[in-house]
Structure formats: structure tokens, C-alpha cells
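Heads up, there are several structures right after this.
Across the two complexes that follow, chain A remains constant while its partner is chain B and subsequently chain C.
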Partner chain A sequence: MPEPLLSVRHLTKTYPARRGQKLIAVNDVSFSIDRGEAFGLVGESGCGKSTIARLIMGLEKADSGEICLDGENLLSLRETQRRPHRPRYQMVFQDAASSLNPRRRVRDLIRDPMVEHHILSGDALNARVDALLSMVGLHPDMAQRYPHEFSGGQKQRLCIARALSLNPELLVLDEPVSALDVSIQAQILNLLRDLQKQLHLTYLFIGHGLGAVRYVCDRIAVMYMGRIMESGDSETLFSSPMHPYTLALADASPSADIRLRGRARIALRGEMEDVPQTGCPLYHRCPAAEEACQTRSTALEEIAPGHWTACRRARLLREETNA
Partner chain B sequence: MHSSALTRFLRHRMAVLCLGIFILVVLFALLGPFFSPYAPTQKSGGFSAPPDSAHLLGTDKIGRDLLTRLMHGTRISLLVGLSATVISTLIGVVLGLISGYFGGVLDRILMSVTDMVMSFPYILLVLVTAAIFEPGLVTMILILGFVNWPGVTRLVRGNVLSLRETNFIRSDITSGMPRRYILFREILPNTLSPVLVYATSVFALSILDEAALSYLGMGVQPPTPSLGNMLSGAESLSILTGKPWMWLPAGLCIILLVVSINFIGDALRDAMDPRNLA
Partner chain C sequence: MDPILSVRNLQVTFSGLGNQSIATSDISFDVFPGEVLALVGESGSGKSVTALSLLSLLTRQAKATGTVRYRGQDLLSLSEKQLDAIRGKQISMIFQDIMNSLNPVLTIGKQLTEPMICHNGLSQAEARTRAVSLLEQTGIRDAQGIMKKYPHMLSGGMRQRVMIAMALSCDPELLIADEPTTALDVTIQLQIMQLLSSLQKARHMALLLITHDLGLVAENADRVLVLYAGQCVECGDVDTILTHPLHPYTRSLLRAVPGIHDARDQRLYNIPGTVPESYGAMTGCRFHDRCPYKAHCRDYEKNAGLLPVTDTHLTRCAYLLGGDCDA
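Moving on, here comes the complex of A and B:
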């Protein structure tokens, strides 16, 4: 089996919180992404998915764990040692508007990273900027403009072009469409899918709704309170989710899929609360919770090939739902 | 973007008027002496003579032409104001960038120093300095340049702190852009317009401070004229009440300069507000 392009092992990140407590943003998370694969991370706001993106990109320091790109642990490198590796993994942020320096022309914005990393120079550089703009569906003439002259969707296209300029292998997409109009979202998602095929990119796609993530990704992991609740390939996860949280997430998003209608719906109670110290983090909100869930630990368990879930009642629950 | 900032500036009638006044005063100071038949230190008339056709603003108490001295004095005051502003802005920008970008212990040390300088009564500082060194033009420029940087430092530091959290700086980091690029190509240009606005008020303040210090005899030393030491004639009650030509023009000049610079600064603030940029 080939080595995965990115593998994250036992990643943990905590933040100091009130009264000397710690907020565990990412709790012992492990996953790996193969070359050419699109992997999705889904979960509600605050579940730690964006923190994982920032940890991978080195924008924040992890408490413990490993992030290996092609076998090399990025967390053991100093920033100066990391810099030559930087072009290999790039990030697209949720808020495209603030991702572009308002005082610089598009041509300079896209060109600077390539100049810095000595990728191209002279006329070839300008030609490359034009090519990148066309690649993301913008006109090369737009290179002379300033970012504020573009619409939200166009700005996100610019960010994608800038990220692609360094020929990355891995693209970390942190909710790239969440801030856009629904009609624009589909365009950007299509663009991302096309680019992935065309350039053989590997994606880590972060989103809060299953719909967009499922559209782009081959495999999905569902996160809740800093932990992975369930992971598997997107079709399986979508058509036969095992974890109550995944079920609730799927039910929360309206679906045009007729097969899913009429199925018993699962709704969570209440809001995210303090993480229970032991047992299942979803315990307080889970409609299927029983006494034992409060104390028994919930490690990921492979219940079907490639399909992992952290719910000890998953099998039982599924039978109940189908009955 | 720049043209719209200009149109926003031009909408401020008062600021446009003040810009005109400011330019006139500057031209008066820079070009005026070429048309004057007298040198600023030349005794050319009677003592404390009122205005007449030979001396349009009269003469001072040792017979020097006051109009000529006013031109040169304004020159000196502008020079002091500008130099002090440039010095304090440079110090402030450099320290602010360092403090905001690198943070940590360095930031804490720099901020303590800033607070210290800010809370120090600078008149005292100036008096002590003037007592130790020779009071004069250069000393005063250095002193004023040194007391006014903390404000700029705090402003720049705050800006850097908020810019550091923006996605475009984050994406520079993730693209592996070096520190000098992030600091000088991305952060600095985005900090310049608030600094420019702040610098106008430092400019106005420095002119006032020069006037105050020279008036006290701790600044520009006679016979070199400055707006401040020309006012010192008004110390005497008989001059203050009976011979207004000896101090009124210098006072007016200070007021015109300070008021016009402040109005220009206000309009710049509105014109360059980042909220208007998008």
C-alpha cells in the first residue's frame, strides 16, 4: 500500500479557558489522506475542524501528535526548515475578502509567492498568472484590477489561483464556500472538483454541511467536540450513517434525495455543552443515549471495511431506525 | 481607490480652505525672504517702531525688520515641526512594527518604555536636556522627535496586531513568504494611512511645543528667529498692550499653522478610513 500523502496521528490541541480550565479543541484525532484523494472533515462550528486546518498549516502549535506530509513530521520542523516545504501544501480560507491584500493588484498578489520560491521569472511569470486566472475561470485581463473590484465568488477564485500558483500537492480548503451565495457555491464546488481531476490534487475539505463535502470528497470524517465520531467513504456515510450524530447532521440538511425521505429523523437536543469528562461527548444530546454511554469510552471501531464509528450503540441504533 | 480618497478629501470644504492657508503660509516662509530687502538679523530701523512703508510689520526692540523675521521664524518653526515629526514617526513605526509583529517579551519591554516616555513630563525633560546640552535648533528637534514617538508606536503596534490576524497575512505565512515581505510589503503599506493622519497632529503639536519652548528661552536661541522666541517680547506688559505689531503676527502665524494642519488631518482621517476602501 502506498504511503498516504498526509497522515495526522493523535493530534491534540487545547486552549486555556476560564478559571484555569482547558478547552480541548482537538482531541486525539488521527486520519490519513492518500495521494489524489479528497478527504472531508464535517462538523458544527467549534468542533475543531478549522483548528486542524490551522495546525496542519503551521498557523498554530499543536500540543501533541504528529502531522506527516509524505512521511516527514511537519511538527518537528522549525519555521525556517518548514518554508521550503510550504509550496507543497496550500490553504484556501473561508473568508476570501480578507485573504487578499486590498492594496495590491491581482497580478502582484498571485505573482509574489512564485517569485519568492523562484518558481518562474520574467515573461513566463506573467504568462503563468494569466494561465492561473483562466484555470479558475477568470479573464486574464482582470490581473490589473484590485481585489475590491471582484465579487465574493470571484475573490474565492482568486484565492484558489494564488494557492495553486505554487503547484501544491495538498490543498487545505477551510469552508471555501460557506461564505458564498448558494448559487455561487455550486460553481466553486464544480471548479474545485474539476481542478482536482485536472491537477491530480489531494484535498482536505472542511465544511459544516454534509452536502457540499459529499459532493467534492471521496471520504468523510465527522467531528464533534474535537473528536472524530465517524468516518468512511462519502457514499456509505451518507446513505447508511451509523453514528447518531452523523444521522442528525444528515437529517439537519434538507435533501432532494427521495430515498432519504420518510426515514425516521433524528434530532439532537439542546446545544453543545461542556465536554463530559468520561464517556461519549454526545451523551447529553443523543436521543439514543443510555446509562452506559456516560461512562464507557468511545474509541473508533471499524464496523464495516473502511467504515469507522465511535458509537457503541451504532449497530443497535441502526436496526431500530430501519425497523 | 486613490482618486476616491481625493474626492472624499475635497468634500471637506474647511480642509480645502485650510490646505490653501497652509500652502500660503509655507510659500510665505520659503519664498518671502527672497523678496525682503533686509536680513533677519540686520538692524535696519528704529527701536520698536510701529509699521510704516519701509517696515510693513514694524521693527523689534533692537530695530530688526519684523516681517523678515516672521518669514524666517516661520521657516524655522516649520523645519522644527517637520523634522521632529519625521524623527518621531520613524522611531514609532519601527518600534511599533517590531513590538506588534514579534510580540512576547520584546513587546512587553517596548510597551513599558513607551508608557514611561508617555508619562514623563517632557517640559521637564527638555529643561534638563537644555541645561546639560546647548539649547538650540538641533537639540530641540531631537528632543521633540524623542518625546512624540510613543503615540505612533502604539498606533502601529495596534494595527500590526489586527493585521496579523487577517487571512492575507495568514496566507502569506502558509505560502512561505519571508518575514521581510510580510512586514514591509503587506503590513507596512496597510499601516501608512493612519500613521500619516497621526503624523499631522504630531506636526501641529511640535510647532506648538517649539513655540512654547522658544518662548521660555529653552528652544531656538536669538538672534535666530522662530515663531516662539518672537513671542517672548510679549512677556512685557507694555509691549503686550501697547505694541501689538511686535507679537500679534507671530501668534497669528502659529494659530493659522496649527489650526490648518489639524483640519487637514481630520479630513485625511475621513478620506483614508479603511472602512471606505472597499
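Moving on, here comes the complex of A and C:
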């Protein structure tokens, strides 16, 4: 088997909280993404998915763990050693408007990374900007404009063009469509799918809309309170979830399919709370929880080929549903 | 059955710096007792402006014309004082922005008892007893404790429960919910929508649900109005609109949402382009530039009103109504 392009191992990040306590934002998370694969991280706000993106990009410092790009642990490198690797992984943020400097023209915005990394110069540089704009569905003439002259969807296209300027292998997409209207979302999702095929890109796609993540990604991991609860093939993860949290998340996602109206749904009790980090973090909300879930650890277990779940009751629940 | 709220030809115009811009035009609908009517549309479609104009909650730069008939009176022609007697009592509202909808320096108890003291003349003690009961009805376990807290001490879901308790405190006939769950996570959204729906049914209260989410419409509404560029483009009962829509915008929108059980190899439908910027002055079809039937439609410059498909289903597209629906 070839080495995965990105491999995250035992990644942990904590922040100081009140009264000398620690907030564990990312808790011993491991996953890997093969070259050319689109991998999704889903979960509700505060689950740690964006922190993972920021750790990979080096925007935050991890407490422990490894982030390996092609086998090389980025976290063990000094900044000067890491810099040559930076063009290989680029990021697109949720808020396109605030990720574009309002006082610079589009041409400069897209050119900057290439100038910084001495990729191209002169006419070749301008030609490359034109090509990038066309690649994301914008007209090259727009290069003279300022960001405020673009709509929300177009701004996100600009961010994508800029992220692609250095020919990255990995794109980290942090909620790239969450701020956009439905009709514009579809445009950007289709663009991302096309670009991935065309340029053989590898994606880490972070989102909270299950439909959107599933549309782009081959595999998905579901996070809750800093941990991966379940991961698997995106085709089957939401149709046959093994973890009660995945099931609840899928059930809670509104569906415009009128035939599903009034369906039986699993509603989680209460809200995400800080709970002692022993046992299952979902314990006090879970409809399937039993006494032992409060104390027993919940390591990910491969319950079917490629399908991992961190619920100790998953096997049992599965047998019950099959019976 | 007579509607409790009847809106006719509602037009909202904003003026400033010598310019006038028309935000919504020609919006007409009825709300019947005990029903859930959804106004659905993307940002800028005019759904919130419509909702806010019903109770004259828009800024002074906005001018609403048309009629909003409620119990024999036109709400648009009432004075502030007359409106105060209706707002929060017969018609109340909950908002999307749960962070800023509660007063940060007053306790929940103080804020929750105020409408009942003002509108219903309850004593302090009576209002408190009722407030606790309302909080319990919204699924808050420690209602007594919450009464003493300040908004910043509550989570988003809890704040929205408090907002709902407050909106229901005077037993309104109509609740206007403007994107009530947009700021919440999906598992909390489900809790809040289930709560709203059960309270609405138990009280036989009408609910005007403003949302951008067709999923919430499908799951909660009886009837739906689809708004695009400040106009209603289609309305009818929710089953018809979501399974047999006749307007190209409604059709396109439904095909543009990725579902979690859809075939993944099927490409999402792209609605090309964006909403026209200054649509207020447009005479013909406002969706024409983005319409999949653009090449075939000849009458797009004519101002099509809402046309009946059936008794209860109206559409603004004359082209598809004229046949050729499967093209």
C-alpha cells in the first residue's frame, strides 16, 4: 500500500480554561488521507474539527501527536525546515470576505503566494493568474477588481484560486460553503468536485452540513467533543451508522424529502457539556447509554471493513437491529 | 375558515441618500388559525423584511404599503401605541439572533415576567409563577434557577427556549419565528423545532416560519410561500410545492440541495449566476437570467402575476403553466 499523503496520529490540543483547568479541543485524534482522496470531518460547533485544520496548517501548536505529510512529520520540523513544504498544503476558510485583503486587487491577491515562494515571475505570473481565474469559473478581466466588487460565491472562488496558485497536493477546506446560499453552495461544491478530479487533489473537507460533506468526500469522520466517534465510507456512513451520535446527527439533519416527514428520529437529550474525560463523551446525552459507558474507555474499533466506531455498544446495537 | 392574518400587496421600500430601493413587492398571503405557514427563500429574497414589516419593526427608512389585516384592522395604519397592544400579546415573534434578542443586564426572570405584567396586568408574583411554568413547558429542567440567571450564562439552545417562553407568555394567536434555529447546531435545532411544533399544536396557535432551509419547511410547514428577489414566485401546500413544484426556481432549488441519502455520483444542479442586484425596478420575470427554460421562454418581459395552477397552488411562471412541464 502506498503511503497516505496526510497522516495524523494521536493529535492532541488543549487550551487553558478557567480555574487552572484544561479544555481538550482535540483529543488523541488519528486519521489518514490517501493521495487523491477526499476526506471529510463533520461535527457540531466546538467539536474540534476546525482546530484540526489549524493544527495541520501550523496556525496553532499541537500539544502532542504527529502530522505527517508523505511520511515526514511536520511537527518535528523547525519553521525554516517547514517552509519548503508549505506550498504543498493550502487552506480555504469559511469567511471568504475576511480572508481577502480589501485594499488589494485580485491579481495581486492571487499572485502573492507565487511571488513569496518564487514560483513564477513576469508575464508567466500574469498568465498563471488568468489561468487560475478561468479555472475557478471567473473571467480573467476581473483580475483588476477589488474583492468588494465580488459576490459571496465569487469571493470563495477567489480564495480557491489563490489556494491553488502554488499547485498544492492537499487542500484543507474549512466550511467552504457554510456561509453561502443554497444555490451558490451547489456551484462551489460542483467546482470543488471538478477541480479535485482535474488536478488530482487531496481534500480535507470540514463542514457541519452532512449533505455537502458527503457530496464531496469519499470517507467521513464524525467528531464529538474533540474525538472521532465514527468513520467510514461516505456512501454508507449515514445510511447504516453504528454510533448513536452519527445516527442522531443524520436524523437531525432536515430533509426536503416529503416522504421522510414525521419519521421516527433519535433526538439527543440536553446539550454538549464539559464532562469528565473518562468514558464516552456522549454518555449523558446518548439514548443507548448504559452505566458502564460512563467509565469504560471508548477506543475506535473496526466493526466492518473500513468502518470504525467508538461506541462500545455498537456491536450489540447492530445485532439488535439485524435481529 | 377565516384567516387570522391577511396580507395584500405588501411592498416595502427603503429610501436613503436620495435613492429608493424596493425590497419586496406584491406579497400577498393569508395565515389561518392553527396552521404553520413557511416563508422560504435565500438571503436577500425579502423573507425577513416581510416578517418584520408585519409588526412595523423595520427601521424608519423603510416604508411598507399594502394591507396587513388582523382582526378587522390594518396593522400598517396603526399608531405605535395601538401596535404595542398587539405586539407580544396577540402576535409575538422570535428572532434568529439569540445572542442579541435578550437584554444582557436583566435577569431572565425580569425579562420573562415583563410582558405578562404589561399586557395581562398580572402581579409580580403571579407573573413569576407563570414564567416558571412556561420555562418548564419549554423543557427547561431547573426553571427556578434559570429565572435568576443572566442571558450570557445560558447556551444558545437555552436562550432560544427562553425566547420561546417569552413569546408564548401572553398566549398569542400567531407566532412569527424568523429563522429560529439558524444559529443552532443540528441536534439542538431538532430539539427546538420539536418543541415549537408541539407547543404550536397544543395551543392551536398559528406559526409563520421564516427559513432558508427547505428541509425545515418539509418537516414543519402545512403551506409554503417561496420568495425570490422580493416576490412570491410560488405558493401552495407543502406536499405539492416540494413534490410537484411548477416554478423553475423552486424546482432548481430542490435539485441544488445535497441530501444525505442521494446517489453521490449524481451531479448537483447548479443554478447559474446570482440574484439580480436591483430587482425592485424589474418589470418582467426576475428569475429569467438564471432560468433553465430561458431559451424557450418568450414572455419573460411581461409581468406575470401569480397564476392559479389549482385552487390552492399558485405560480408566477406562465411558461411552465402553459404546458411543456416536463421539458
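To be clear about the criterion, the second predicted complex is superposed on the first by the 308 of 323 C-alpha atoms of A that agree within 3 Å, B and C clash if a C-alpha of one lies under 4 Å from a C-alpha of the other, contacts with A are read in each partner's own complex, and residues count from 1 in each chain.
Convention: a residue touches a chain if its C-beta (ideal position, glycine included) is under 8 Å from a C-beta of that chain, and two chains touch if they have at least 3 such contacts.
None of the values given here were measured: they were computed from a predicted structure.
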| item | value |
| --- | --- |
| Room on chain A for both chain B and chain C (clash or fit) | fit |
| Of chain B and chain C, the chain that contacts the larger number of chain A residues | C |
| Which superposed partner A:Glu44 touches (first chain B, second chain C, both, neither) | second |
| Touching partner for A:Asn101 - first (chain B), second (chain C), both, neither | first |
| Spatial angle chain C-chain A-chain B, Cα centroids [nearest 10 degrees] | 80 |
| Per-pair minimum CA distance [chain C against chain B, superposed on A] in Å | 12 |
| On chain A, positions contacted by chain B and by chain C | none |
| Complex contacts: residues of chain A adjacent to chain C | 44-45, 151, 153, 181-187, 189-190, 208-212, 214-215, 234-235, 238-239, 248-258, 260-262, 265, 267-268, 271-272 |
| Contact footprint of chain A on chain B as seen in their complex | 1, 166-168, 170-171, 173-178, 181, 185-186, 189-190, 277-278 |
| Residue numbers on chain A that touch chain B, as the complex places them | 57-59, 82-87, 89-91, 93, 95, 98-103, 112-113, 116-117, 146, 148, 159, 162-163, 166 |
| Complex interface listing, chain C residues touching chain A | 42-43, 155, 157-158, 185-191, 194, 212-219, 238-239, 242-243, 252-254, 256-262, 264, 267-272, 274, 290 |
